[in-house]
Amino acid sequence: MAEKYLMKGNEALAEAAIRAGIDGYFGYPITPQSEVLEYFSKWLPRKGIAYVQAESEVSAINMVYGAGACGKRVMTSTSSPGFSLMQEGVSYIACAQIPCVLVNVQRGGPGLGTIQPSQGDYFQAVKGGGHGDYRLIVLTPNSVQEQADMVYKAFDLSEKYLNPVLILSDGALGQMMETVEFKEDYVRPEFDDSWATTGKMTNRGMNTITSLYIKPEDMEKKNFELQAKYKIIEENEVDYELCHMDDAEIGYIAYGLSSRIVKKAVDIAREQGIKVGLIRPKTVWPFPKDVIKKYSEQVKAYLSIEMSVGQMIEDVKLAIDCKIPVEHYGKTGGIVLSTEEIIEKTKDMLNKY
Amino acid sequence: MAEKYLMKGNEALAEAAIRAGIDGYFGYPITPQSEVLEYFSKWLPRKGIAYVQAESEVSAINMVYGAGACGKRVMTSTSSPGFSLMQEGVSYIACAQIPCVLVNVQRGGPGLGTIQPSQGDYFQAVKGGGHGDYRLIVLTPNSVQEQADMVYKAFDLSEKYLNPVLILSDGALGQMMETVEFKEDYVRPEFDDSWATTGKMTNRGMNTITSLYIKPEDMEKKNFELQAKYKIIEENEVDYELCHMDDAEIGYIAYGLSSRIVKKAVDIAREQGIKVGLIRPKTVWPFPKDVIKKYSEQVKAYLSIEMSVGQMIEDVKLAIDCKIPVEHYGKTGGIVLSTEEIIEKTKDMLNKY
Amino acid sequence: MLQEVMFSGFGGQGVLTIAKNLSYTAMLEGKETCWMPTYGPEMRGGTCGCTVSVSDKPVSSPILEKYTTVVALNQPSLDKYQPKVKEGGLLIWESTNIHKAPTRTDINIVPIPAYEESNKLGNPLMMGMILLGAYIQKTGAITIEGVIDALKKTLPERRHDLIPLNEQALKRGFELAEAIKCC
Amino acid sequence: MLQEVMFSGFGGQGVLTIAKNLSYTAMLEGKETCWMPTYGPEMRGGTCGCTVSVSDKPVSSPILEKYTTVVALNQPSLDKYQPKVKEGGLLIWESTNIHKAPTRTDINIVPIPAYEESNKLGNPLMMGMILLGAYIQKTGAITIEGVIDALKKTLPERRHDLIPLNEQALKRGFELAEAIKCC
Amino acid sequence: MEIKGYIEVDIQKCKGCQLCATVCPKAVIGYSDKTNDKGYYYAIMVNEDCIGCGNCAIVCPDSVITAYRAAKK
Amino acid sequence: MEIKGYIEVDIQKCKGCQLCATVCPKAVIGYSDKTNDKGYYYAIMVNEDCIGCGNCAIVCPDSVITAYRAAKK
Amino acid sequence: MAETITKNGQEFDVVWKKPNLQKNDMHYCPGCAHGTLEKLLQEVIDEKGIQHQIIGVSPVGCAVFAYDYMNCDMQEAAHGRACALATGIKRVMPEHAVFTIQGDGDLASIGLAETLHACNRGESIIILFYNNAIYGMTGGQMAPTTLPGQITSSSPDGRDPKLSGMPLKVANIVKEFDGTCYVTRQAANNAVNARKLKKAIEKAVDNSLNNRGTSFIELVGNCPSGWKLTPVESYKWWEENMLKYYPLGDLKTEGGIK
Amino acid sequence: MAETITKNGQEFDVVWKKPNLQKNDMHYCPGCAHGTLEKLLQEVIDEKGIQHQIIGVSPVGCAVFAYDYMNCDMQEAAHGRACALATGIKRVMPEHAVFTIQGDGDLASIGLAETLHACNRGESIIILFYNNAIYGMTGGQMAPTTLPGQITSSSPDGRDPKLSGMPLKVANIVKEFDGTCYVTRQAANNAVNARKLKKAIEKAVDNSLNNRGTSFIELVGNCPSGWKLTPVESYKWWEENMLKYYPLGDLKTEGGIK
């Protein structure tokens, strides 16, 4: 059995990235994410791996562009306001199809807001906070263990699809310590970097990384190409966890930190004889539409639960063509979701529907 | 009757802002928006009104923050990549509740993309490209005349609600010239700027503009306050135009430039005896849900038409609780929507539904 | 009446201005109009185009795929836009500098040696006005008098001395076009 | 078994470390555990808190509104967290420096003069270990041996000479707590 | 006895940083052996040598000290 | 007759900017009276005085000119 | 300030007391000169009687809450953008003095472009640059001004100039900009320096009120928490390391765009 | 380059010809020195035989399509971020030479922070700074380097230093940064200058390959289109105005972080 560590989510994420063979990290301090950067600042230079504390998030995301376009395993991490600053760069990276891993350890917004955990950046993550039609693959860990595991997965997916992958975490997951084990059998999948700018060899044409398609026809072609890729990802990469859904009458949908509190609510409700279950998206893009649709035949209603005023609820409704009622329960600004309120709301819903 | 001018959409917008009593403009050049800045660069300094060509869009949006927080009528304009760069600032402004007008003359994305017109930034505009739960009021002109008219409206709304207002335009509307008349009877509504940082007078406490709410309770309170305001705006400020909806069997939904082409498609279809109509949102947030819902009782299906791979379609579906089928037709990258294809698709839909 | 016209030539040949004259005149004559340049860095030293729509009804899209009329001032423009004239439409081309003549047979083709004629008028910048005169003759979308009125409004006072020359050019183009019969 | 404990005191009193010792030991003893600091700029010179959950089942939320146990190292912490102890829960407080004693009657209250005792041990940093010893005595969530084993793993080799002192402190806390009867 | 100066310390606001002590030309300032409510060992006058120079007050980051100097007659 | 140098101009690529002419020490370069396909009056040699110095070629922004100098024997 | 009181029958002049403009207790760590800077600024505003004619900008950084302490109108800026806000304010309120307080991360890292461009345009604002060679607020990471070899939480083996470059001497750079009319480096580690700092602030406020160009005051400060030193230790490090690397004094006293 | 051909029975050395590395015709306006810069760079890469060991970054600006002309691996950067990309590249490919081509808007306005921080860290990259005192690509707006009084589409009454500040002399600033090992100002308006420019590029490429620090080459260029001048008129303006304000020559030939 692998060794157990007690680590912060931020540190576990960084350690996993090192074990996954990261070639470079570029970031900027921001609470509650800074431990990621600090962990790398300690270990990467000692190992001779590229590490730069960039002058800003704008710069960091563009360093990721440069290094990622060389076919290297690279990553940045930040928290909400910093991720907003990266939006132009993210849109460029998505269009230029550069593999890389981005991490948003969400805090409460809008504005400078609070440094407490939040899930208010869902729309930004899944609909694209930047300009144009693009998608990020978005993974949503809910434990320190997953903070580690999903890093390997993120790198692999980003290289498989030449697409940026976002790990959408939050301040609590980043700051808390839990037990974590690191994969001992991880092998980096084959990766074809023949498209990358590694210096033009005589046996190939020059490699160009760009997102400029000045002619409408070219731009449209590029967009079709991207959409076709997104379709494949939607078909193949959906990930989720089910909990007590078999006979549930009300289905909870929650991801990340929220899903843990919701699990507790499920336990409490079940003890009270209330039949509830949880569908936990582990990817919020692609969104687990099919399974949510499937259970919409069984449950009376869904309750979408997130630490925001209600963003994911739109995707839940769309997933099921609004066939059954969907309600929202949420808190903002770092206020903790209350299991009691969830159960109260559940009872109301059972009465209503 | 007011004098008629033949003007570019970008220029009409700037001229209207001057007539609306703008106190300051801060911007950065980018095609296809630069004429806005150029127009201001000519007239504002001559009139002794604040004008700064900022060093970047990041800086421009933050100059708007500073000047807007003094209770002044201020504005910036940009195009897609530039608007992405502004996202952090926009989130701050929304939270700090600073009145101001933002303009995104959209071009094709993602990435550097193309400078041709596009509507690919819909999600960014209405769901918030920045972090946290906030909303912009989003106006969508479809002619040079409206490029002018909506500027007055944008300033007024932003001051009425202390909320940033986005004019979501596109490269074609910005670059083309059409006939435009300017209001002669515009009067700036009363505006209470007692909250603004104008220098602390002895008869009031100090004014502080901030978006920092370090305590979860305060942050949550702020979010409730914002959501309450948004609800009022949703109730009062929806704006749209109807065209041939009375007996329509298929309803088109299109805004901005697209809506003009769609109008032509309606005309052609009607000539062919096909009963189609158009609902044109003039505000995409708040979204004209009610009217779309109302006509969903009448039409067999909606066709959402935009110059993107399909973003607004989600809001259409949500508006009607997915009660009737909604399809998407779109082009990206500056490729023009084709009236023939729209009518072809309409015929298909009439067969299907 | 719906006119969707593309003017195209080298940057510097004044394409945007001719187009604007058409559009502005149409506005003064009470018509709906829309002027839309092709824009972008491809401008740099290359070809520059501008469409003008003139109509009795509100103009739908400013960006077009086909035109009722194309006015081509150079070879690349002719090559690019010849295929985009609607069937039965009109193609006016500058025949001094363009060597490869248009080949379509399903449209009306009007060669005008505008460069040569403008030199005769002593001002190569009059090329555009000559072509506009030809356009007016063939379509009747606006009138020569209308253009003159428009110029009076748009030209700065100190440039009004140029108006007679412009009028001459418009008329010259009109005459040259009259001589060419179309179907 | 579910323990949800808040440790709170001034920055510099080693709150995060005591909490980590508890969490780490729980992990070694095969339990599920989660350690969550309060974080942020209010840290600066102010009060610093840390919650630890120890359970047989996976831990749900790391952020809590009520605690089974509160360990308060200074007055502001006592004032802030006293109301947040669950009914029937436990409140351990440092009784040398805190002057306003807790007032609730529906919870178990354990005053430990940890500051005084740590000075007796010759090292004020042992305060935390003394309180942890008291916590162990009252809850049995982990064992003193477990903590010693944990220290062997977490302390760098060159600091292992401190282990006996830590053990003494834990035991002292344990003894002091034993003397206080709770319901 | 006439004194040349003195200081008043707002002890609950003092953070015990000791910057005042390091700048006092007369070694007037020492520290309490008890903490204030915030847990700090606050500044106190330990002798009467104060000349009212104000050094301590001007450097105190927390504006804790008010300094007084005997008025010139 | 032996010549000291000459240039070749890729006339379809020439943009007629005349920078080459301004740097030629021997005033070798003039301009065509016809335009190339891009509409530019391209550079031509107007005399045989070229010394193959290469000035024109190195400054030509569009790499239009190849310059030759009589080989030293 | 010629306030006089009587105590035990003796008359005393008030040599120094808390400025009237100060609101609320400050949250700064013990011994941190952030407080000193703000208090001196408050005094200057008080003494000049321009509370109604000054607008401040607080940054993201430890000075973020300055708006809670200064009893004058203030705005809170996004990280690095204080000079952009100040530009916006000054352009629409040209009669007002406008100041920013900014840390080294804020001003010299993420906000370098905004800072330098404001200086280049010669915005008549007061830039108060608190240089403590570290990111205080976020827990002590390396800043552009961190000294070679200095250990921080993101340079745990000490700043390595080969990886991170040498410390940025911002004052030396902004003095090259035509728009600055006053560039000075000050400290607050002792009373002499604190008094000089106050004089500098007075001068800068005058410049802003009179639209003379950009005033840039670097306060070489400390950060006991970030440096992981006690306050007293930090005073020593401040003097021995910071003041050596960042020598005090005026770098420019004339300039601005005429 | 000792290529020789025979024509009409006479032997000729090829003195100058299009570099092998050049791909596609350039889209630059007639007489624009952007082409000259790229062509000289191509020659240097050709001659050093390092096509496989160099990676370029093209900016948003007229040089955006440089990747279409240079037959070597290249990346296109977001506006102003070329130096950030170059940093990313160089850090993961330390054996490669890495260059950026950047306009004055790109490098000195929106990208000033990225540029200066790369110089401060001493990234061993080559920054080729095309300073034409205007935003060429977007139609001739004012740049930070626009001369006082110069008319542009966003300074229609001429740049007013009171509103927009004085032109930024970037080379003078970056030479102050410890990370730069070579800072020079060159032009391409005549053959002498073009040859010097080529030498400068050679030196910079060596520096990058040998990781000696940042090389900064300012090419004082022209922009006939943006200046609204014919090419020939632009040459005059270039010499009489640009070269006067931006004097040529090496500003620093030693440096970098050792």
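Letters A, B, C, D, E, F, G and H mark the chains in the order given here, with residues in each chain numbered from 1 onward.
Keep this in mind: a contact is a pair of C-beta atoms (placed from the backbone, for glycine too) under 8 Å apart; a residue touches a chain by one contact, two chains touch by 3 or more.
In this text, all values refer to a predicted model and were calculated from it rather than measured experimentally.
Novice: Could you run down the chains that neighbour chain B and chain F together?
Specialist: C, H
Novice: Return the chain whose centre of C-alpha atoms lies at maximal distance from the corresponding centre of chain A.
Specialist: Ranked by distance of C-alpha centres from chain A, the top chain is F.
Novice: Have a look and report which chain pair racks up the highest count of C-beta pairs in contact.
Specialist: Max contact pairs: A-B.
Novice: Centroid of chain A to centroid of chain D, CA atoms only: how many Å?
Specialist: A distance of 35 Å separates the two centres.
Novice: Need the CA-centroid distance for the pair chain B / chain G, whole Å please.
Specialist: For chain B versus chain G, the centre distance works out to 40 Å.
Novice: Once you find the CA centre of chain A and the CA centre of chain F, what distance in Å lies between them?
Specialist: Distance between chain centres: 60 Å.
Novice: Rounded to a whole Å, what is the gap between the Cα centroids of chain D and chain H?
Specialist: 63
Novice: In chain E, which residues are in touch with two or more of the other chains?
Specialist: If we look for residues of chain E contacting two or more partner chains, we find 15.
Novice: Could you check chain G for residues that touch two or more other chains and list them?
Specialist: 28-30, 64, 76, 78, 109-110, 112-113, 117, 121, 137, 144, 163-164
Novice: For chain D, write out the residues touching at least two other chains, lowest number first.
Specialist: Touching at least two other chains: 40-42, 45.
Novice: Can you list the chain D residues touching chain A in their complex?
Specialist: Chain D reaches chain A through residues 20, 23-24, 27, 32-37, 39-41, 58-65.
Novice: Using the touch rule from the top, collect the residues of chain H that touch chain F in their complex.
Specialist: Chain H residues touching chain F: 4-5, 7, 10-19, 22, 25-26, 28-36, 39, 188-191, 194-195, 198, 224, 231-232, 235.
Novice: Enumerate the contact residues on chain H facing chain G in the complex.
Specialist: Listed in rising order, the residues are 109-113, 116-117, 120-122, 144, 161-166, 168, 172-173, 176-179, 257.
Novice: Chain G touches which residues of chain E in the complex?
Specialist: Those in contact with chain G are residues 2-3, 5-6, 10, 13, 15-19, 22-23, 40, 52-63, 65-72.
Novice: So in the complex, which bits of chain B are touching chain C?
Specialist: These residues of chain B touch chain C: 4, 6, 31-32, 114-117, 143, 171-172, 175-179, 257, 260-261, 263-264, 334, 336-339.
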